[in-house]
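In the two complexes that follow, chain A is the common piece, with chain B as its partner first and chain C second.
And now, the complex of A and B:
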């Protein structure tokens, strides 16, 4: 079956290129996460510097005894067989702040009017969470590509023999 | 010693094996053109290829449908691990690199190369696929750049560390060495003196404000004659305020001096140095005079 051999070879070629591309994307994603986390942490430090180290106590942070609240963002899996090799994709879902439904804004634990540096820091960390999801997507794709390459190699071996 | 920096160039590089290089050398006349990076690489080897402007524009993604079809139609029995490691070792032995010249290709170059190989295959010139060639090459992942520490900073750190260690040593040997027993900063008298001078400054402030108030409240009545109680109070407070403002300025100035004691110490050291040098000069002059 010469036709199928060339098909397998072409697929392997494109899979290899995809693999390299994904590795690049993955490193880029990680660099971005690092950069954004750094910026966020710097802003957090700045808020602490501006407000003094004694302005926040553990009493402001919810403990086990305080009321329950729901997470503001969730990760959902979605099947996508046509566009991805792994066959699935993760999405980040953000909920609006609604006190009656249990979605609490964590910024308001610290102050009714949070300083701009703290607000900017949360923006950075939100972005970083999105990037983490993106990185996870790339990683699953990468693993799938590696798995497919391994299986195609076996097929190729069988066909050549 | 160095700190790790973020990755500057996220591109991955592929170290080209001799097999791949041979194919490029052999068939370079067949290529319609090459990306700039490849052209630059080939120039020193005496190979001229026309430059292509569009870099890998015709790249198509993976045909997922075909991939899934093939995988579904062919039953794959995954072989034992020992076998695969063996074959990998063989490959590593097979892969040979030109050690004198290390040539790296980027991803866009590889895309171009895969297309070029495709055209070569359609012409029937070669029957080689990129995946066979890539297995002979090695992959270089992007690395973090390390920042070397500034030697000036290092020297400064060393000096500070030495100072700290000296202090600790002195504290430790205080009981043994009689000369160090009366280390001035540890005695109660020294601390009492420091507190005293601050207390005096604050008390001075309070007394002068009280005196100012007393002058406005009683003194002016004595000079002018009978005055309304409200007016007396107002005069007293006004005079006390004016004096308080002036005093606060001086008090702040004085208390600030206690805060940056290190600066004052430095100033004192500089003063001593400045006063020492002229004395030395005088001595020399005197000696000269005697001679």
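And now, the complex of A and C:
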């Protein structure tokens, strides 16, 4: 714990700089997600144009009455005390399609023989999922930095008094 | 990114319009568990705000969900609930949709971050 006001001020300065950097990364990540999703959605629209407007809709996706299945993508946490303030980092796990184990291919909800446009759209959305995990890591770090700033402000108040 | 078959981590859930949900489901995030509970919700013009709110609260309570994705326009409808969620887990990510581009000024996390730059606090 820092025991001088100048130490606290120096730490706060570096944390505020870190916060600004994380805010920039956060916004940049959202813009990248927007760009990738737009490209994917354009390909979904092309698929609808070629295959019919109802070929890609909520009518094809599973509902509560459908058979249960597992997500192909999961998020796992790992400790990373050296490089992060939050002390942990999320990373993406992608499972192989294995129907017997409940890992089904989502493309087959929409077509038995998925057209190229739909396959390409899927690639964009897979990339988007990776960006989402990256965004979640930035957000966790952002919250950890904000928490640390608040705690340092309290320490500074006690030192000034 | 690792490729595993034995290890199971936590889920990414989605609340959003048709294209957002279809997209992320194609990306492989969708799941319907043994209790028939999906980790996604499609919001259309007929969906009541209370339904979105209930679904969001349900996702917050589930311990197998680590990230909640929500379209920013849907998040705007339940802003009070999102602002009240201050815990880092699950991480709530506001994402843009086809009809509503990302607006950083509406994002709950960024609004909190901007609040840190209070001029009174910055004076030494």
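Assume the second predicted complex is superposed on the first by the 140 of 161 C-alpha atoms of A that agree within 3 Å, B and C clash if a C-alpha of one lies under 4 Å from a C-alpha of the other, contacts with A are read in each partner's own complex, and residues count from 1 in each chain.
Just so it is clear, a contact is a pair of C-beta atoms (placed from the backbone, for glycine too) under 8 Å apart; a residue touches a chain by one contact, two chains touch by 3 or more.
Here the structure is a predicted model, which means the values were calculated and not measured.
> Taking the superposition as given, does A:99 touch the first partner, chain B, the second, chain C, both, or neither?
A:99 sits against neither chain B nor chain C.
> Taking the superposition as given, does A:9 touch the first partner, chain B, the second, chain C, both, or neither?
Both chain B and chain C are touched by A:9.
> Just chain B (first), just chain C (second), both, or neither: which does A:146 touch?
second
> On the A-aligned overlay, A:75 touches which partner chain: chain B = first, chain C = second, or both, or neither?
In the superposed model, A:75 contacts chain C only, not chain B.
> Give the label of whichever partner, chain B or chain C, reaches more residues of chain A.
The partner making contact with more of chain A's residues is C.
> Quick one: classify A:28 as touching chain B (first), chain C (second), both or neither.
The answer is first: A:28 touches chain B but not chain C.
> Determine, under the contact definition given at the top, whether A:108 touches first (chain B), second (chain C), both, or neither.
In the superposition, A:108 contacts neither chain B nor chain C.
> So which bits of chain A does chain B touch that chain C touches too?
9, 16, 23, 27, 31, 34
> Within the complex, which stretch of chain C touches chain A?
Going through chain C, the ones touching chain A are 1-5, 7-12, 18-34, 36-40, 42, 44, 66-67, 69, 88, 91, 93-96, 98, 101-102, 104, 107, 109-110, 112-113, 116-117, 121-122, 124.
> With touch defined as at the start, can you tell me which chain A residues reach chain B in the complex?
Going through chain A, the ones touching chain B are 4, 7-18, 20-21, 23-24, 27-28, 31, 34-35, 81-85, 148, 150-152, 154-155, 158.
> Could you pull out which chain B residues touch chain A in their complex?
Touching chain A: residues 6-7, 10-12, 14, 59-68, 70-71, 74, 76-79, 107, 110-111, 114, 117-118, 129-131, 134, 139, 141-142 of chain B.
> Show me the residue ranges of chain A that touch chain C in the complex, using the header's touch definition.
The touching residues are 9, 16, 19, 22-23, 26-27, 30-31, 33-34, 37-38, 40-41, 44, 56-58, 61-77, 86, 90-96, 98, 101, 103, 106-107, 109-110, 118, 121-122, 124-126, 128-130, 132-133, 135-136, 139-140, 142-144, 146, 149, 153.
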